[in-house]
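Presented sequentially are two complexes of chain A, the first with chain B as partner and the second with chain C.
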Partner chain A sequence: MYYKKWEKQTKLKNVNREASIQETEQQNSTDENEEPTFEEVMKLFNDCDDLEHKTFSELGIDLIYFSPLVDDKKVEDEIINSIYSSTTEEVKSWVKKKDIPEATSIKDIKDEILSGSVGIFFENKTYYYNVYGPETRGIDKSETETVIVGAHDAFVEDITTNLSLVRRRVKSSNLKAVKLKVGEVTKTYVYVLYIDGIADSDMVSEMKERISKIEVDSVYDTNMLAQLIDEVPDSLFPQYYSTELPDVVRSKLVSGKMVVLLDTSPIAISAPSSFFEFIQSPDDYNQRWLLGTGLRILRAVAIFITLSFTAMYVAVITFHYEVLPEDLLITLAESRARVPFPPLIEALLMEVTIELLREAGARLPTKIGQTIGIVGGIVIGQAAVEAGLTSNILIIAVASSAIASFVLPNYNMSNSIRIVRFFLIILAGFSGIFGIVFGVALIAIHLASLTSLKTPYLIPMSPFYWKDWVDTFIRGPYWAMKHRPIQTKTDNTEVNKMKQ
Partner chain B sequence: MKEKLHYTQIAVIVYMIQSGVILFALPRLVAEAFGTNGWLGLVLTSGIVLVNIFLIVLVYNKGNGQSIFSILEASLPKWIYLPFYFLMVVNFSFIAVLIGKNYVLLIQTTIFPTVGANPFLIHFLITALFFVSKGIYNMGKITLVFFFLTIWTTFLLLLLLPEFSFQRMTPFIFQGASLSFEKSFEVYTAFVGFEIVLFLFPYVQNDRKFSKAVIFGHLFTTFIYLAFCFVAMGFYSFGQIKNILYPTQNLLKFMETPLIERIENIVFIVFFLKIIVTVAFYYWASVETAKRVLTKIKEKWLLLMIIVASFIFSFFFEIQREINEVLNIIVLGQVIFSFSFPVLLLLLLWIKNMKKKRGNKVA
Partner chain C sequence: MRSLMILLFVILCSGCAEPQTVEDLGFIHSVGYDLNEAEDAVEEGVLVMTVAIPQITPTAEVDREVLTTIAHTSKQARAKMARKTDRILVSGQLRTALFGMNLAEIGFFDTIDTLKRDYTIGLNLKIIVVNGNSKELLLEDYPEHPRTSRYIFELIDKEAKSHVAVDTSLHQFMRDYYDDGIDPMVPVVKVGINEIIVDGIGLFDGDRMVMKVNPTDARTLTMLHGDYIGGDITKEIKLKEEEKRSYLYLTFSTIESKLKVKVKSPDKIDIHLDVKGSIDEYTGHLELSEDEVQKEIEKKLEQHIESVGESLIQEMQQNNTDSLGIGKFVRNSSKYKEWQEMNWKEEIYPLAKINVNANVKLKGFGGVK
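Let's look at the complex of A and B:
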């Protein structure tokens, strides 16, 4: 019955939607066809008080533009100064000489003004002159992805700056940047970047299609965009790799992947992505390969520690005392002697406290954040044990798994892993190590069946491609990295070769 | 390009389906059946299995990779193959649930003596449901992940090498062997499971690597079995090994590290990931067959129905001895099936080819 009701509602919604689409299309078509006049355009921007309007009545020129979107100096120097002391004839030739395009429809001029152009109304004709130049944040270091050895500059919110950061690094005419718009209301620019001749063309068109099919009022961030275009939106794991570093973007592009940049977002996503990319950091590539490999293995171990330490504690204390050697068992029994809770509750209490501390530290300004760290350290480290609320060993387990979770270079993945940890702790509380293995099985099944842009998420482990193992858990020496990842489905598999 | 099972996946699937909980008892079974240096007997048994695999591969090659169902349905009338399908559905799902129950009973008796086995079985079946519902290509990928999550257990054998002694192996071969059919059959059952590849025909890459993959998977299982039996026989004396119910488990018990003791408990539980592959693939074969008869019901519902029905069936057997008895009967049926079914298919293909040739001649 509910289904029927729902079906009916959806149908109704669809009918309404179709009607509204038709209406918008009609509106758009009139916008597209109608000759732009000053009055019509002013009507469109009615009540937009940030719209500047300048009139040169003796010449019959009207200028309109959004002052927050344009570079005031450019407007002054290149437009107003040129017009100010000119005659009508001179303005006519100025318009031609400067190659200022003419707007053919209302939609045209509306879009241009909204993108930072000055609309010039002169002799019943409408021209525009792009002087886009709003205030932007300067290029800075990334706060979430720190690099020790390597380039430090990170993306900012302005798309032009971001594109320039990429273009500076890939000086090739094969670097293509396809411009799309998302958000029915906000019309935010999205750029799909790829290297022609390396990236798979089917994947590129798939990505473009997915982005153009998005129907939402607005896309706030690239991470939101990623959720709108991935295959399993309900999954806990990020299916696209996100980064703030142009250096990483360059390496992704060269390996045959695509990169998506969104205006107003300092984050880029690359696709397709595999799970193992999330344990990689640019640092690995900038150090000797053995050190890089060591770091990667450390991160893999960190995932294991994050997932298993607290869960193992709960499982062992609740069900499997026999697993511990005698000496360790005595220490453990002593430290737990005064704790009144079952291990599951004890562990959950501590884990939740750690998560609260982490969240508080992240939201507060740095100076207060430090205080929280100290207070939290004392509460968790000493007071809880002395009060008999928890055991020393649990503190060690919880703290080390929290530290290990921060070892992961990707913030999104680190969060996902931390949530999965809770799931395993609860299972461990109910059925011990059996529960942990059950949980691991479910997670593995989920991960193995996930896809990123129709390619397997766990590649090259499953499906197994030994050639790609040289750049997953290990960071192989550069002489061994001869192939681009199989996940990219590129025809141009050999590195250092560019088909023209 | 359509998705296909890669040959490494097939090899791993064969290995993962074959090897299971029997590994814990295998050294004893081998000693009982073949006597001193019984591990050599494993090679013989493995050889018999290879003959069976050869038959299966022959079906694949002669049938040009077409599915066994289409071979059957093209030559036999409906009233013959329908009851046969029914038997297959029942047999596969019962094997699946009994293997699962057998394992959880072992877990329950050794690790959780105060809890009933059914809650664990439910864990198990939920995983199987989730596993099979992902479809065969994802099942291949998942199997590979489980392979990597379990293969480390084999390397634990290295820890035992200092205790290994050739003296215990004795220079005699096959002394004190029972040579009874029952005992040898038990050893043979350790290899059962490879017949599931019959159902994989339409999903594999159509190249010559299929046969190699199946054989490689089987040889890998043989190698792992041999390694465990060999080490166990050099660790225990012949008389001792015959008296230990689960020699491999005892082997693992012997290991100690400063942080963890009784590794066998952990390894035992990690075997969950191996057993689940066997169970999932039997359920999958069952669903594949049921799909042929009940075409209107959605695959996911079929799977759920089969799992629930087999779960209810498992209530009839509450102790290990009962399960082993029933499992022996069903597995015997399965062994006969895995030998005779490919022969039947080959016969059908041969008849079809003859008819075709005759038809061509007449034309």
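Let's look at the complex of A and C:
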């Protein structure tokens, strides 16, 4: 529904936009048709002081390139060494032998230089030679998604490295990587990866269309891209699964989903996604299936604890003293007797404190971060109870729900659930367990109404599809996982079979 | 947006729900009812009601708050007691209801009825009769057992497991009270020196307690009531070959007992008991491993169970209480119309011939002295 609204808006805009594009295109047409000359290209890059310019005056050759974008060694070995101390004829034959492409327009050469080519101006002709190779970070362990057993390498900011991480894992000509550009100003590369023959072609074209329709100056990260192409932008829940691990990407590709990689972002998103993917970790697949299932159930329980523990405390203390065992009730009443606030205020106070601690821990450097743990643990935990600001049972409830929220493998989902918890606490403070039930029902309704690339978010629970239950709360044994998820709408449902 | 409106609606609608914050509540844990017999009582009324509330103020010196008052009805008593405490009296944590002997003897159904009607009271509420005065029991301090109400609760819970007492919940009491062919039975406690003692089982005719079974005979009674596991019988026993010695005792612990009731005709009933158990303790000198000795012990125990059982049943017939539920067996074996016309309990039961047949089987002789 939301996506349609959004689509309509963009369509309206597109009408205006097309007109303006035509105008700029007319302006650009001079760029496009004109034979590039060295002077004009230099004018284009006026004031770009990081542009390197080398002249070989006796040969009449000018080389220009952005030194931050190219591999200096390659420039030295492959171009300068070939030109240096050669005659004009030799250079000509070198160009011919190497089949160095010629740029036909100014726009052409401009784009090429910006993507890491060396522009070679020689005898009134312009050639370009790609030597892209900027400095990149080495492949490292993931910081947000840790795996205990299994591959540890994670994506980095460089798209070439990321693509190589995926290609290495899927050695198939059917792995397609469609290159698109987003960002009106930044022109960032986006790759849509899918396995031809497994992924649904309609979905792939839908995804491509949505990405090409994005109209922003710049896309900073894949998570931002995900927000620009999802159907319900106002929802609290992430509608595309995001990951840092190439291993996860491989499993998503094989199950018939698409993966989107963005240059300069170490995050990949996969689509379509269902809610149950967010409680899955690669570790589950590396364990015996019963252990994997146990872990998933534990995570499901963790969601429940995060959502409702503090809310339950507030509800019980405020309205439903009957449900507690007598021993617990007396301890509770004893510690509550000193607290001057109503339970709702007390709980919100503690929850906000915990969130502050968490946020402070995330922002601080690791070395100082440990101090936060001590300050939070001792000062807030113990002193707050001793000072009579909170009851000690609440500390347990708040702490255990905070811990449970960190159990979720996906950081985005864990954040969403933590925010939802506050609504439930407030509802519990106003109308007790009735409020909690109502809140949980609202969440369930909302989740059921969400869609991910026009497929239901809660599949296979709603709509119910029992064959897919082997990979939801249950990590079924491999002999039982015979079908690709229905959510992918793939024709190639049977696993181990590649239609070719 | 629409869901936000609904959210707002819920909060506004239920905003008037009355919060009951735990620290403001005095959750009654035990309630005691007695008959007001003193003629010169300060207040008017027939019911003496006493409640025990666990203390939650950390600095308070006593572990519980006990309130007592005299009133016409239990709800009036509650209103009177509320005037004496700073906490809101609620009964959602009520676990034990104690009835004084004087009240139990004249019947207390109207009081039970108000407990049943209160939706905050759970059906697991224990019904207990105090041999004496429940007000005194609750007011008394038991230095070794803090929190009297909890003490009684745990005591009955535990003793019911070894069948010295029964654990009668409000639900069971109501069911047996309304059911045709069975009467309720409840545990009886009394006040000792610094302690509360389980004092057997009280048997009812309707809502009146008419008979009390001693703790020593309690296990035999429960054998006749149903199939229960565990519980001891201790008996003075003299075996044939034993030399004359004054101190010969045997403790027999039942592993299981099975009850079979055969209704020949409404006034002729055979009860058959299959009891399996082991000897826990024996003060004689014979070898328990010998078959002869075992057979003799089995026989002696059978005689004991039969004689105790029959005398209990006779006493029950005289007092017109059918807590064993023999009437249910009669009802089940006769047609509905017959049963309706029978007036079994008033006419036939007191004169019925009820036989007890026991069959004891020794399964072992664990701790032998």
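The definition used in the following text is that the second predicted complex is superposed on the first by the 478 of 500 C-alpha atoms of A that agree within 3 Å, B and C clash if a C-alpha of one lies under 4 Å from a C-alpha of the other, contacts with A are read in each partner's own complex, and residues count from 1 in each chain.
Basically, a residue touches a chain if its C-beta (ideal position, glycine included) is under 8 Å from a C-beta of that chain, and two chains touch if they have at least 3 such contacts.
Quick caveat: nothing in here was measured; it's all calculated off a predicted structure.
Applying the stated contact rule after C-alpha superposition, one finds that A:Arg336 touches chain C and leaves chain B untouched. With both structures placed on the common chain, the touch criterion links A:Pro36 to neither chain B nor chain C.
In the superposition on chain A, A:Leu442 makes contact with both chain B and chain C.
With both structures placed on the common chain, the touch criterion links A:Ser462 to chain B but leaves chain C unconnected. When both complexes are overlaid on chain A, the residue A:Leu328 reaches chain B alone and has no touch with chain C. By the touch criterion defined above, A:Phe434 reaches both chain B and chain C. Using the contact criterion defined above for the overlaid structures, shared-chain residue A:Thr318 touches chain C, although it does not reach chain B.
Shared interface residues of chain A, touching chain B in one complex and chain C in the other, are 319, 322, 431-432, 434-435, 438, 442, 445. Chain A contributes residues 319-320, 322-325, 328, 431-435, 437-438, 440-442, 444-445, 447-449, 456, 458, 461-464 to its touches with chain B in the complex. The part of chain C that touches chain A in the complex is made up of residues 3, 6-7, 10-11, 14-15, 17, 19-23, 25, 27, 29, 54, 56-58, 90, 92-93, 95, 120, 122, 150. Chain B meets chain A in the complex at residues 6, 8-9, 107, 111-112, 119-120, 123, 127, 130-131, 134-135, 138, 140-142, 144-146, 148-149, 256, 258-262, 265-266, 269-270, 272-273, 276. Put simply, chain A touches chain C in their complex at residues 317-319, 321-322, 326, 329-330, 332-334, 336-339, 342-343, 423, 426-427, 430-432, 434-435, 438, 442, 445-446.
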